[in-house]
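The structures considered in this document are given below.
Same chain, two partners: chain A is paired with chain B first, then with chain C.
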Partner chain A sequence: MRTLRAAILIACVLAAWQALFAFAGASALTSPRDTIAYAAELLSSPGFYPHLIETAQAFAVALAIAISCGILIGFTLGLYRFAADVGEPVLVALYSIPKITLYPIVLLAFGIGMPAKIAFGAIHGIMPIAIFALGAARNLNPVYLKAARVMRLPPSRIAARVLLPAAIPEIFTGIRIGFSLTLIGTLLGEMFASQRGIGHLLIQAIGLHNVRMIMALTLLLVVVAVTASALLLAVDRRLRRHMFGAP
Partner chain B sequence: MSEVHVALRGVTRVFPATAAQREVRALGPIDLDLMRGEFFVVVGPSGCGKSTLLEIIAGLNRPTEGAVTLEGNPVAGEVPEGIGVVFQEDASFPWLTVTDNIAFGLRQTALDKAEIATRVDHALRLMGLTDFAAAYPVQLSGGMRQRVCLARTLVQRPRVILLDEPFGALDQQTRFLMGDELLRLWRDSGATVMLITHSLDEAGMLADRIGVMSARPGRMLEIIETRWGEERGSRVVATPRFGEITARLWQLLRDESQRAMAGA
Partner chain C sequence: MTAGRLRFALALALVLLLEALSRFGVIDRFAMIPPSEILWHLGKILSGGEMWPAIGKTLTNVAMACIAAIIVGVILGTLIHGWRSLRETLDPLFAAYYAIPVYAFYPLFIVIFGLGDVPQVLIGFMLALVAVIVNTLNGLDRVPRVLIKTARIQRLGPLATALKITLPYAVPYIFTGVKLAVAYSFIGVIGAELIMSRTGLGYEIGFAYNNFDNAVMYPLIVLVLAIAATVNTMFFLWEKKMLARRRK
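Moving on, here comes the complex of A and B:
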C-alpha cells in the first residue's frame, strides 16, 4: 500500500518535471530521461568518485558532530530548568538566522577545505537536534528519574539508560530534520570553500552553465535525501509505536 | 519486632515559593519509628503530604528540618542501599519490555546473569506476568504496569519497601487479591513495609499499625495498632475488630478531609 502511494507520487513528480521541460525548454533544464541517463553516466565514471567520497565523508563527520553535540547541548540545557529558560530562546534564534552569515567566521576559523565543510554542515544540523533533545529532557517524566535514583544509578548512567532512551523518539525527529540541513550545510561549504566534492562540482557547473550536470547532481541529491528521510521516518514510527503505542 | 528500622525526628518539608505559587508547608513536624519487619500503613486526606513523606524517607527529597535515619545511618540527599519504592505514578519504562524493566535495577549491579534471570523469572511468576514477559508497557493495563514496578522493586530484595498507592488504578476485588499477595510477599521477604493508601479497608486488613495523617501540613494524628497476628488480609474483613478499626479511621479522616477541602 505504502509502496503504491510512493510509486504514484514519483510518477506525478516525473510527469510535472516532463511538463515543465516541455514548457521551459532545454536551455533551462533537461528532461527526466536525459537527467537520469546522465546521472547514471556520472555514477559510472571514475572521475566522479573522489568527489562523491569527499562529500560523503564530510557529511558523515558533520552529522556525527551535529548529533552528539546537539544531544549534549539539549540535555544539558533541558536538565537545568534555569539554563533551559535562558538557552531555548537563544537556540531558536540561532536556528532561524541564516547560517550563511556565519560563513566568514567559519572560513576564518577553519580555512578552506575539509574542516570548513564539516563545520558548516554541523552548524546547520546541530540546532534542530539540540532543540528536540532539550524538549525531550525537559518533558522527561520525573518519576523515571526518581525510579532510576531509587535503583541507585549514578547520574552518568541515568543519562545513558533513562534519559537517552526516553528521548530517542524526539531526538530522532530532530535528526530527521537535522539530516537534510546538515547535507545542505556541507554542500554550501563545498560550494564556497573547497576544490572538491559535489558542492564544488555544482558551483562549477553553475559557472559554466552546464545544465545537464546541475540537473543530474540535483537528482542524485534529491534521491539520497528522500531515501534517507523515508528510512528515518520509518524508524521514527517504529520507535513511537514501541514506546507510546502510537498508530 | 522491637528494633527501630527507620526513624524520623522533627521532619518537616516546606516547598519554597515560586513565581507561580506561594510557599507550601507540605509536611510535619513528624516523629515516627518504623519497626523492623512491620507492616505500616499511612492514610490521610489528599494532598496532606503522604508522597512527600515517602520521598523523604527514600532520600529522594530533603527534609527542610529534622532528620531521617535508616538502620541508624542518616538518610540525606541520596537514596540509601536497601530501600525499594513503588511510586504513585506509573514508573515502568516504556522503551523496555516487561522482562527488561524488571531486570533493570539488577543489571546495574555486579550480579551474574544467571542469578538475574532466576530472580526475574520468579518475579514474573509471582506477579502473574509470565505471559507478558516480552510485552512492552503500552500493551499492558494500568494495574499490570504497577505489578511490573512492584516486581522491579522486589527483585532487588530491599529491606524497606515503600509503596505509594500501588493499587490505586485497580478495582476493589483485584485490590483485595493484590492485598493478600502483598501480605505473602511481606511475610516471605521479612522486609519492613510502608504502604500509602486511600482505601481504609486496605489499611485495616493489612497493617500492623496505621498512621493517620492530618490535613496539610501533614502530621501524625494518631497511630492505630490493629493487633492482627498471622491471621489478616481479606479473611479478617468480617471480624468485629476490623469494623472497629475502620470506624475509627473514618471518624478521624472525616474531620481532616473536611478541613483539607476547606483549606484547598
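Moving on, here comes the complex of A and C:
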C-alpha cells in the first residue's frame, strides 16, 4: 500500500513537471525525460565524480561536527536545569536566525574552500540536534539520573551510559532534521565559497543559464535528499516504536 | 529572572570580548570590525537613508511570502486533514521536504517570472508553506473527539466546524508553524537576494562582501539579525500571552 502511494506521488510530480514544461517552455526548464537522461549522462561522466566526492566529504564532516557538538551542547544544558534556563532561548534564537546572512563572516573567518563549506554546513545542523538532545535530557526519567548519581558516576559516564541510550529516539529525530539542514548548508556554502562541489556546479550553471545542468543537478539532489530522509524517517519510527511501544 | 540576567551578561561579555580582540588586533580588521564601530556605522547607514529602499523591499517581500504561506498553509492543512488518503500520500513528501534545496528552483523562477520580486517571494513562500501545513495538521490531530461530536450535534457544516471549533483549538500548534514560517521566509527571501537580484538587503550584503566593504557589510548583517530576532521575540511574547489567557 505504501509503495503504491509513493508511486502515485511520483507520478503526480512527474505529470505536474511535464505540464509546467508545456506551459513555460524549453528556455525555463527541461522535460522530465531529458532531465533524467542528462542526469544519467552526468553520473556516467568521469568529470562529475570529483565534485560529488568533494560535496560528500564536506557534508560528512559537517554532519559529524553537527551531531557531536549538538549532542554535547544539548546534554550539557539538559543535565543542569539552570544552564538550560539560560541557554535554551539562545539556542532557539540561533535556530531561527537567517544563517545565510552569516556566510560572509564564515568566509572571512575560514577562507574559500573546504573549511568554510564544512563550517557553513555545521552551523545549520547543530541547533536542531542540540535542541532535541536538550529536550531528551530534560525529559529523562529522574530516577535514572538519581541512580547514576548514587553510584557516583562521573558526568561523562552518565552521558554515555544513561543519557545517550535513553535519549536515542529523540536525538535521532534531531539528527533527521539536522541532516537536511546540514545538506542545505553545505550546498549553500559551496554555492558561495568554493571552486568545486555540487553547489559550485549549480551556481555556475545558474550564472551561465545552463538549464539542463540546473535541472539535472536539482533532480539528483532531490532524489538523494528524499531517499535519505525517507530512510531516516523509517529508522526514526522504528526506534520510537521500539522505545515507547506506541506506533 | 536571574537566568535572563545571566544570559544578558553572557551576551554582553561576548560583545566586549569581540571588541577587545579586534581593538588589540587579535582579529584582523580585514576580517571583522569592532562591535562599537559596527553600531556606529549602522547608525550612519540608517540616518543616511540610501539603504531604506533596500530594507523596505526586503521586509515587504518577507511579509508577503510569510502571510501568503500562513493563509495558504492553514487552508491546505485543513483540506489535507479532511482527506485521509491524500494525507497519507503526501506525508513522505512533507517529511523529506526540508531536505530539498529549494534555492535550486530559483533560476527556474527567474526564467518564468523575470528578475523581479516574484521569484524571491516565491522561494520564501515555498520554504515557509510546508512548516505551516505540517503544524496545522499536527494541531488538527489533537482536537478532542468530543469537540467534533459536539459540532456534529449542533449540525455545523465542515466550514463552520473548521472555523469555529477545530482551527481555534489548533491555534497554539499553528503558531509554532507561524514562527517557523517567519524564520523561513526571511531565509528564503534573503538567500534568494544573495544568489541573484538587483536590490534588497541580501543583495547589499553580497555587494559589500564582494567589495570588502566591512563598514557596510557588518552593520547590515547585524540589522538583519536584529530584525529577525525582534520579530521572533514579538511572536514569542504574543504566544505566551495567548497561552496564559487560554489556561485561565
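As a convention for this text, the second predicted complex is superposed on the first by the 240 of 247 C-alpha atoms of A that agree within 3 Å, B and C clash if a C-alpha of one lies under 4 Å from a C-alpha of the other, contacts with A are read in each partner's own complex, and residues count from 1 in each chain.
Throughout what follows, contacts are C-beta pairs under 8 Å (C-beta built on N, C-alpha and C of every residue); 3 or more make two chains touch, one makes a residue touch a chain.
Fair warning: this is a prediction, and the values are worked out from it, not measured in the lab.
Of the two partner chains, neither chain B nor chain C is touched by A:22. Shared-chain residue A:209: touches chain C; no touch with chain B. Once the two complexes are laid over each other on the shared chain, residue contacts for A:217 go to chain C alone; chain B is not touched. In the overlay built on the shared chain, the residue A:89 is in contact with chain C alone; chain B does not reach it.
Set against each other, chain B and chain C touch different numbers of residues in chain A, with C touching more.
When the shared chain is aligned, chain C comes close enough to touch A:191, but chain B does not. Applying the stated touch rule to the two superposed structures, the chain B and chain C interfaces on chain A have no residue in common.
Within the complex, the chain A residues that touch chain B are 141, 143-144, 146-147, 149-153, 157, 161-162, 165-166, 168, 242-245. Interface of chain B with chain A (complex): residues 55, 58, 60, 79, 81, 83-85, 87, 89-91, 93-96, 104-105, 108, 136, 138-139, 149, 152-153, 156. Those residues of chain C lying in contact with chain A across their complex are 3, 6-7, 10, 30-32, 85, 88-90, 92-93, 95-96, 98-101, 103-108, 111-112, 179-180, 182-183, 186-187, 190-191, 194-196, 202, 205-206, 208-209, 217, 221, 224-225, 228-229, 232.
Interface of chain A with chain C (complex): residues 5-6, 8-9, 24, 27-29, 82, 85-87, 89-90, 93, 95-105, 107-109, 177, 179-181, 183-184, 187-188, 191-192, 202-203, 205-206, 209, 211, 214-215, 217-218, 221-222, 225-226, 228-230, 233.
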